[in-house]
């Protein structure tokens, strides 16, 4: 049984009819409905309820999924830091789309996570460049998305530990669309598709990728690296 | 002064009018003319003269550039192995385009180096994904090539130590177009552009990349890792 | 059910009383007895029977364990190449101790795999440097081996994808003792302990590491990267 | 001409006679005297003058060297963040010894940077595990330090882009003593030796390593990754 918490800031849904028409119950509930199964139980949190992301809640979460965009700055620094710490101690985390600029992702990467962007509704082909990776399991050569926001290189991240997907956009850009990192006891996956005005999270292949990523990121350990004063190893 | 040796198998030039019309003096001589400078002296070798790639010649080469395609199998195993050894002992090497399937590249990678391919003369945009890298110096956001052979992922290589370029092809593919590896004392750069029927090596940006790669790959040391039987470090 | 094949060249056992006294049934049978379980079935092969490592046998092997030393050169090139190919197509492989110089390891690494060595029976502490890794599961801070052959840096390998263990030798050396690589569909683990004259493979922690590595290396897919001529992605 | 700024918090020197006896003018001035040359000009800053690390000062610094320990928390968050930003925009940085727990190092790594430690004055042998690396140039197999503070694995850092040194401590520990990272336009080197009560920074090999690291980390570019809204590449 994997316990997943989905954080979706849920602000676009309040103000944009375009977004509401695609995700009438919010991105989080669309994801929850698509991802929940006998093996995966899901809790959702939005910016309005973000204080629910307590230390205890994170300790009880195997994998956190994070979608944010217009309200990154409203996430309290303390909660961002709390997420980072939970990851270092074993919680898995999946950052979706504009989550590249979220506070916890930037804390975990140590970089700006900048990129170039356009909103022209380009078609995107999300190519599998590492077909052996568990996150790519069940995906053919590429995922076709009729319309996505265009994200382009350079993407200001550390060299991924494993690069799983690269996006090709109709207008000509490329983007490292699926990136894996290990950070102490925790695993991090960044996945680029998911603009709020397109039905990306209704695409079965996108859901399959996120589902695979949940299994991949779920911790086998839950521990904490301390900084102990030790005795000599053979005297300890 | 950097000593560069260019190996171009030079077989397409013999049999194809289309290739001869683009590279009347052979790909090697086109590259030589474009790359030679006060700092860079260049020798060329073709399949016909491949026996010139002796141990001594490789020991005197700072950076070897390798273009091959239809005659990979005619390269003697012994010479391929000799190139691998020279790289491990410090010689830099740049594999161009279909050199991904050359014997020395496969020996250095340890993998199949397979990929998918089409010959539809697609436009390619070669994007800089690591603008901090010395090989990308002087290149804008991307290099535009009106026509290239299409190479697509998955590309059967180890995860690159540094990924510098990603190609976007008009028909929809992506490809890790510029990949850096360190192998013992030597540096390896793979660069995808350069199909024999297109004037890719007349593109000033492509030449700039290869020139940058020469400076990047040129050894600061020329040594050999041995497997010595040693004494205790403090008794040695 | 994981199908494991253990290759132990089995030559030292023929000629050395010292080795026979530690491993009376051969290293392979010691490992087999320690590793076999309800989940893990094991076949053994020695140099005398190495022709049993057919394509079919490798296709039916989830994880191959390789111990070799004095007879590396007697392994037919064709079988070494066959092992490399099987790994690229998904078979896991664990190289033990002097397997660093085996033909298939060198083929997979693309490097010399040289190192420095001494035989003074030094005590070794094998430290966990990546406690989050599944291969380190159940291991405390370090494994204590009263006597091991000393292997020292520099070790001529590509930078590991994940470094799990580092050895400290009493005489002063260090060595990257547990190294993980992904090569196309296959996973590779190198583990340094296991000199033929010491009872290393009777150490429960060493066995635990190898057991963990079997689970880690066992394939989730078994596929082959080809080099297909393709159509445009949206026409295919 | 490389412009180096050395930050040494300089607090131990105020309160400890043991430290003053080794570094009567402070660690910063010892390093400055040892590192300054025709090519390298050096400015020093201590905690007392840390406000001198303005944006302008960092923009004028090619490589920042950072030694801190007991007063990490007194470094203003804003300055730590400013250092991180300067690195992402091209400034090189070298963190020494207990700088592993400094605010800017932790910001750049995204992890706890925890480790185990003892103060028993162990002898350390700092082994070169990547002799091809420019930072190891001129160093023999290892650097011998008669006494150092013992740092042990696990070290809570992302897998280094390049591991150059591994330390062996007399009491039995190992430690990844020299670690390289690329972070956007900047380079980061962590080097473990340098406890305040031992004359480590008077060791010529240690100085050679730091000197090499200055040349390695000095930027070839000084740029900033933005997050621009762009036009289609071929319309831009």
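Lettered A, B, C and D in written order, each chain numbered from 1.
Keep this in mind: contacts are C-beta pairs under 8 Å (C-beta built on N, C-alpha and C of every residue); 3 or more make two chains touch, one makes a residue touch a chain.
Here the structure is a predicted model, which means the values were calculated and not measured.
Looking across A-D, B-D or C-D, the interface that copies A-C in more than half of its residue contact pairs is found at B-D. The pair with more inter-chain C-beta contacts, choosing from A-B and B-C, is B-C. Each chain gets a centre from the mean of its Cα atoms; for chain A and chain B, those two points are 36 Å apart. Work out the mean CA point of chain B and of chain C, and you get 32 Å between them. Chain A has residues 116, 125, 131, 141-142, 152, 154, 159, 161-162, 172-173, 182, 184, 225, 233-234 in contact with two or more other chains. The touch graph of the protein chains shown is complete. By the touch criterion stated above, chain D contacts chain A in their complex at residues 84, 88, 101, 107-112, 114-118, 120, 152, 154, 156, 158-159, 161, 171-173, 181-184, 225-234. Interface of chain B with chain A (complex): residues 116, 125, 127-131, 141-142, 152-155, 159, 161-163, 166-169, 172-174, 176. Residues of chain C that touch chain A in their complex: 90, 125, 131-132, 134, 137, 141-142, 144, 161-162, 182, 184-186, 220-221, 223, 225, 233-234.
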